[in-house]
Amino acid sequence: MALSSPRPLAAGPVLPDYVTRKPSGFYRSLNPATKLAVAVLEVVAAFTIPGWSGPGLVLAVLVVVAAASRTLRSLIVIGFAALPLVASILVVNLFLLPGASDPIARIGPLAPTWSGLWFGLMTAARLLAFSSAVALAYLTTPVDDLLADFSRRGLGRRGVFVVGAAVQMVPRTIERAGEIMDAQRARGMDTEGRIWRRVRGLVPLAAPMVFGALSEVEERAMALESRGFTAPGRQTLLRVPPDRLIDRVLRWLAAAGVVAIAALRITGKVG
Amino acid sequence: MGLLRRWVARQFTTRVIVLMPVAIAINIVLGYTVQSGLKLPIYVDSIGTILVGVLGGPLPGMFTGALSNLIWQYAPGIGSGSQIGPFAITAAVIGLLAGVWGQLGLFRPRRGHALNIVAAVVAVVLIGAMALYTYGRAFSSPDQFANATFKSASAFDQSRFFFLVVMAVFVVLVGWALVLRRDIGAVFAISAGLFTGIVAAVVSAPIYAFFYGGLSGSGTDAIVAAFRSGGDSLYQATLKQGLLSDPIDKMITTFVVFFLVGSLSRRFVARFPNGEKLVGPEAEPEAVPPADPPAEPEPKAASDAG
Amino acid sequence: MAIELASARYRYAGSASAALGPIDLRVEEGRVVGVAGANESGKSTLCLVAAGLAPGVIGGKRDGSVRIDGADAAALKPHELAQRCGILFQHAATQLSHSTATVFEEVAFGPCNLGLRIPEVVERVWAALRAAGVEALAARDPGRLSGGQAQLVALASVLAMRPKYLILDEPTSELDPAGTTLVADALTRVAAETGAGILLIEHKTDVLARIADEVIVLERGAVALSGPAAAVLADPRLSDLGVEPPAAVRLERAVRAAAIEWSAALAEAVR
């Protein structure tokens, strides 16, 4: 992304690079809808193919694609964030699968079971596959690109605005929440005490955030109106992610894959 | 068809459109903060959804809820990418219901007239009956919720216990509201919250069970584990956990939203799509300052709106 | 051609008494009209009424007439108003859409909403950035700007709509002296280069002294003083109306009161 902004020369007004933001790399430069279709295929495969070979295979594919598009490290970081849940799933199912009668060992009152382990692994693998598929889509398709593609396909300016602004608002709201909590702590709000006090501490946190949001509504609405937000007709699209033949082919393949897996599952050929 | 379009368009005014992203961000940030910072066994990730639903209507509420979850999953600006995307369905239902409550005028401040009190009592009885029924079914009958052994006597006791816990919270919240505001409207609002919570639990249970094996990586897993150890199936265990957490969470959230909306000035609220239904005729006439500067919601609670 | 208010009065929705009026005012192309007054004297209301946002967007009741280039403001839709009359408020943060990734796209938001073709959008964006003096910020993230920069970007966003008139409600109130100077300079440049008529609400009378051609002072919603800027700002009744005179005027009075001679050279030095 260029840091300076060269004035357009005599060749006529063109959009600067930092606006068009073309992604590099094969997978990243695919159309956003294609990458979403691939993610859908991956999720369907993970949940429809039984056992943990299905999700395992999907995870393997994800790792390969992530490596190819240079997003593997980020993917792993996101995967780690799911660790508490994965651990929880494994532990609870290992020890507490109802009706399981094939213990691995007996440790006092606890009896981990094989079927518990199997079920736990399957569920955890499915979950990881699901969240990784979504994460891969996100890492290779920033929200801007997604919205640009949806705009081209007909999403109105209000939808684009709501999603785009929401994504940008989150960091600002985090800062605001931090400020509010600091201020409230300075006034004695309990963040550690007994449950009842913590519930009461909720209102001094939520109320300023909500009031702050509401107080800006009127002015924001006027500002948007002043920039033609409610003008009739289609808005101009500055960024239009290309939709090439390879994209269409891949989407068809993905759709065919979903149908095939579903058909196999329904007809009982698989699981 | 034209009527439908107009009904849709009426709910998506520029003010609502502007409120939605902020509400979504609040959902995400509060939900995360409460889980990690305040460490409470509730979610509080639907304040924004219910607020938009109450002020704007069912459709904006629905979209706010769904988008909050989808955005939190897809573009996690905060914390771990929560695996919360599939709950977009539940969140959409919550927002839809909030819009309905707003349109039915359940969030309107109401004075203690005889008619209102009778209506409030009726509402409580209805809600109580509904809750009792739901808890009874959930905790006694397996044929609706997948197969597993169940122990009939203890299961029924469980249901009574849970029901009592939830109703206790209900009574506490309503009592607190009545003490703080002497506003019978709180009873309606909190009852609506209880209803929403029950529906949310019922809608969420299959999602939980299917996607996550019933667990969420948080403190509530201990509850689910306890039920599993008692022999419950996946669906049953998650439903029971949900029926404890969701109603309490939604009642608290609705309580907060009710108070916040009640603290806004009439003029401000009136400009929202549901505005007419939220400013009761019983509200006192506005005090008139000499020259109103625009854009301030003038909260009666003296909190700094920044 | 001008914005003309004739016997205009305005009452907010739900309010019993008029916040503004009756007011006669004329803002001509190429002229800068400054408005001063104590808090709650109706300055912000005047902005909204002159821009047609009241009652158009926020409701309420307006009597008398407000005409923009001869057209009744109440008859124009918000996006039509936006192209005639740009409005800028105090809080820069609420005027940025927060749904764009670069300042360029933020300023392009308005023209894109109008459905203009890309070459024209690009031209308008650069022209607006240049007029506001923020070309160098075109590639930056709008969420990471300082207060002064954000306000200038907001100004550029409004200018991109090519309005004939600009209405500004205390644009420098949240800015430090450096930011205030930037905005004041930008406004002078805009008035000179684009010939826009400017209605500027400011309690910083130094700014008015620098750039306004004429000044009116409001009191309780009506005009208490009006005339050429220099005359009004030196008027002894200013303080009674809750407006602090510019530094130069105060200095001159203090010097004269101390029986020191006040010369033209001193006046120049203070300017």
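Brief remarks on what is shown
Order as written gives the chain letters A, B and C; numbering starts at 1 within each chain.
Just so we're on the same page, a contact is a pair of C-beta atoms (placed from the backbone, for glycine too) under 8 Å apart; a residue touches a chain by one contact, two chains touch by 3 or more.
Everything numeric in this text was worked out from a predicted model, so none of it was measured.
The interface with the largest number of contacting C-beta pairs joins chains A-B.
Chain centres here are C-alpha means, and the one lying farthest from chain A is C. With centres defined as mean CA coordinates, chain C is found 43 Å away from chain A.
As a whole-number value, the distance joining the C-alpha centres of chain A and chain B reads 24 Å. Among the residues of chain C, those in touch with two or more other chains are 48, 57-58, 98-99.
The multi-chain contact residues of chain A, meaning those touching 2 or more other chains, are 161, 164-165, 168-169, 171-172, 216, 218-221, 224-225, 229-230. Touching two or more other chains at once are residues 14, 21, 271, 294 of chain B. Of all residues in chain C, those touching chain A in their complex are 48, 51, 53, 57-58, 77-79, 81-83, 86-87, 89, 91, 93-95, 97-102, 104-105, 108-123, 126, 135-139, 143, 154, 157-158, 161.
Taken together, the chain A residues at the contact with chain C in this complex read 1-5, 7-8, 12-16, 18-19, 21, 144, 157, 160-161, 164-165, 168-169, 171-172, 216, 218-238.
The residues of chain B lying in touch with chain C in their complex are 14, 21, 266-267, 270-271, 286, 288-294.
Those residues of chain B that touch chain A in the shared complex are 12, 14-15, 17-26, 28-30, 33-34, 37-40, 44, 47, 51, 63, 67-68, 71, 73-81, 83, 85, 148-149, 210-213, 215-218, 221, 224-225, 228-229, 231-233, 252, 256, 259-260, 264, 268, 271, 294-297, 299, 301, 303-306.
Every residue of chain A that touches chain B in the complex is listed here, in rising order: 47, 78, 81-82, 84-89, 92-93, 96-99, 119-120, 123-124, 126-127, 130-131, 134-135, 137-138, 143, 158, 161-174, 177, 181, 191, 195, 198-199, 201-203, 205-221, 224-225, 229-230.
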